[in-house]
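Working notes, beginning with the structure itself.
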Amino acid sequence: MTLLRFTKDHEWIRLDGDLAVVGITDYAQSQLGDVVYVELPEIGRRVEKGKEAAVVESVKAASEVYAPVSGEVAEVNEAITADPAKVNADPMGKGWFMKLRLTDLKELDDLLDEAAYQRFLEQEQH
Amino acid sequence: MNDVSLTGPIASVTGNRGLQIEEKLIFEQDSPGRCGVDLPEPAPFLSRLGGLARQGVIGLPGLSEPQVVRHFTRLSQKNYAIDSGLYPLGSCTMKHNPRLNEKLARQPGIADIHPLQPVSTVPGALELMDTLAHWLKILTGMPAIALSPAAGAHGELCGMMAIRAALELRGERRSRVLVPESAHGTNPATAAACGYMVDPIPANDSGRVDRAALEAKLGPDVAALMLTNPNTCGLFEGEIIEIAAAVHAAGAFFYCDGANFNAIVGRVRPADLGIDCMHLNLHKTFSTPHGGGGPGCGAVALAASLGRHAPLPWIVHGPDGLELLEQGTGAAELSLGRLKGFHGQMGMFVRALAYMMSHGSDGLRQVADDAVLNANYLRAGLEGELSLPFGGHCMHEVLFDDGFLKDTGVTTLDFAKALIDEGYHPMTMYFPLIVHGAMLIEPTETESKASLDEFIAVVKRLAAAARSGDVRRFRSAPVLTPRRRLDETRAARKPILRWRAELECREAAE
Amino acid sequence: MRYLPLTERDREEMLAALGAPSIDALFAEVPAAARLDGPVGLPRAKGEIEVERAISAMAARNVVAGSVPFFVGAGVYRHHIPAAVDHLIQRGEFLTSYTPYQPEISQGTLQYLFEFQTQVALLTGMEVANASLYDGATACAEAVMMANRVTGRRKAVLSGCLHPHYREVCETYARFLGFDLATQDPAPGDEDLGRLVDRGTSCVVVQNPDFYGEARDYSGLARVCHGAGALLVVVVTEILSLGAIRPPGEMGADIVAAEGQSLGNALNFGGPHVGLFAARDKFVRQMPGRLVGQTADLDGRRGWVLTLSTREQHIRREKATSNICTNSGLCALAFTIHLALLGEAGLVRLARLNHAAAVAVAERLERIPGVRLVNRAFFNEFTVRLPQPAADVVEALAQTRVLAGVPVSRFYPKRDGLADLLVLAATEMTTPEDIDRLEQGLREVL
């Protein structure tokens, strides 16, 4: 079962077996502009829901990527370190940032589903 | 005015365009052993370098004087400057840099004196610094001036450190600093660096800080409010005295970012507004040259409660004349310490003092008057074509937003780049952040009416062109400059920050 | 008024265009209590003749370094600046331009800063350098803060032989910006700083040549630091020394914080000068200050832009790596031009001239009874121990118009053990007559 959720800070999280894949949304990458650099956490690091887990930089902005849920970093996507443009090209797919081993599945409950995130975006833009 | 044809330039053999000449890096013009300075060879002597003599080649190129002069002359010809034309950068105060100031700064009695020669041999230097401080005290109404900060941001750091020192002396732990959302990025950066949590205050519909929101955020844990006045929208904060009173009632300090002092110099004293601490940019209001990015000077005016924490060194009036206090003892025992090596930016002190003496108290007041008049003249001239987010007149700078570009496909950035082709440096863009696609224009008082009329005419023509759908002109701009738009993404993804012999640093597109 | 182009007629026409009755109307928002009715209590406008007279009178009260035998150094050095430098920096397109935020019309500034960054990297033996900071002392403080960021630690060890102003600036920053310093005793001599390094240390800061002029090899200390996961920061106050002695990059330094004043920039009573900052490539994103990077434009032509700006305050606001907004632009240009004129051969020869001058002075002073040279090795500056308080000697010699150096007690007035130490510098500007007068003066006073 793949569960896809979103945060109001424009991160997405997709459950993939017992790991959760995290990235930034298409809206986030278009707001940032060309991504020039990403700073990914170390494998094994514990991240906390709502706290900074990674940094993504474009020419005109630098943004924190917050962990949508708490967990341990199991894998990071070296491909975007080598080629940050992947984040712009395929933010929901090849542009993923990290995979977390979750500790508390209930933390997913207050995240937005796809429809709610779309509604949130429409509100944001007004 | 003629329309410029936007078909590309004629290709020359060299790639040069008349007076605009391509110039390689000095490293690409090396001839080993060649030298542009003739120096004698010392007589043989016994080295005392202790076995640390440098081995191997450093890698510096050798050029003659004619080549070096030509190199840097050609480079200079690729720069826009105040000397070339109007530089409408909001909050930067790009006024004329008087040449008298350059002459005086080069007098041997100013340029060829060392900060550590015996103080008894430099009474004139102390006198100059003291005189400058005196002028700044009278203009600000504040009793103390810290001269040593090297730039505006450095002055902000000085001010916030003085505030923290004062609070520590009181034995109070306050953790928050209030900063308007319209503030320049250095304000929250400085507050955060000093260990404070930054609490933003929104603006109201008239572009001023929301006083109710501000007062609601005041409390015993607020250390300071950092405000810019006139603010970054170019508007005077009319409720500033009430705001100051509220800040003081809460036991906090009132820091003012003095970047916009040009609007009120000689007309208003910051002390009369209730300000405790204000940095001045000598390279803005007081005409010291921007020099392509520096050096500057961010002298700080301080109220008595903060003046005793001023950074070293202090110049004080002693029984036998001026004294230089270099230690944090005696009268200076509460000083926050040293923020910079030696005694401060003397080269900027003399230029600023010469500027102030040239204008005098009457001339300085006229500076503010003309600066505000010029900005309002631009506002009136452009308000039909461009869109104003806030009504009423402005102070020394006028803020437009990108409403007038709606549905044209032209962004603020594109508009600014088209202005470059017309022979102007763009205005400040996308700042302040509280307005969409901001364009902040500050002409300063050293622009003539004719210069302003020309600028108004050009901007109106461009606005009309944008609305008529001539998108290509804007998206491709600039085309008439030494370089067209540069790939900043590539520069950041694969940084090349120096020349290397091994690398292909030559002209090559991927 | 010569700098104000608006005439009274212009003002009237413009006010009419605004529909404003007077200029005062434009200041209506100023609260009545704060409105000044007339000019403040300062002198009125003056023409060039009067201003020049007033400033010249102040200047004339100072003893000019070039007019006397001059041996004052301690972080600011008197060198010859080729005539072309000052002419070039006064070109209006350099003098009166702004930060190169619009690269299409700032390629002049951007190209010379790229050349400057390269020169600084080459001189220091490091991989990357920024486009300058305010001065050496603030560069030193910024280096410590960068080491803290890189290592995630917050305690730095400072050599006691670091220039006292540099140490004091670090202390101010440490106190208010929230990190710790372990400072050592300022007496001259070798230190065992390696012993103080542990897994809580972010960096060790040494100066080479140090405040007393002593030159050392810090390779061993670099290894100790790296073994503990700490960085080595090397400070250089006399940048010309790198024309003669091994650079910090070859000793294992991770960050170099230096003062560039000796190239292209006059004494100026201590400012403006130019801070140099260089580091290893892998730390580049933690570097403070501006960086210029190479790229291409839409036509594929090589050009330069400010880059990696997202570290800076105007984008990251609270999260910036530092609050620095300015570099030392024109002073960096003067440095670049001077070094371009010198080139490899000229710099090496100039450095040799400096060392030769200092050796000549040291040899003469060593022969004076009671005067002892403290240094084993030095470049163009060294320290002597006198049989009397150095401050008194310096003042006595100043009366005879000889500026004999800096007494250490000027920086450490409470340290009796340092009161007999005098720091002297000699450069390519030092003449045989200067040395004669110094020796003669010292023999008379001592």
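Before moving on, here are some points about what is shown:
Labels A, B and C are assigned to the chains in the order they are written; within every chain, residues are numbered from 1.
Everything that follows uses one rule, which is that a contact is a pair of C-beta atoms (placed from the backbone, for glycine too) under 8 Å apart; a residue touches a chain by one contact, two chains touch by 3 or more.
Just so we're clear, the structure is a prediction, and the values are computed from it rather than from any experiment.
By C-beta pair count, the most extensively touching chains are B-C. Compared with chain A, the chain whose C-alpha mean position is the greatest distance off is C.
Centre-to-centre, using mean CA coordinates, chain A is 37 Å away from chain B.
Between the CA-based centres of chain B and chain C the separation comes to 20 Å, rounded to the whole angstrom. Averaging C-alpha coordinates per chain places the centre of chain A 44 Å away from that of chain C.
For chain B, residues that reach two or more other chains under the stated contact definition are 488, 492.
Residue positions of chain C touching 2 or more other chains: 310, 315-316, 319. Shown for chain A are the residues that touch two or more other chains, namely 37, 57, 59.
On the chain A side of its complex with chain B, the touching residues are 33-34, 36-37, 57, 59, 84-85. The touching residues of chain B, counted against chain A in their complex, run 488-489, 492-493.
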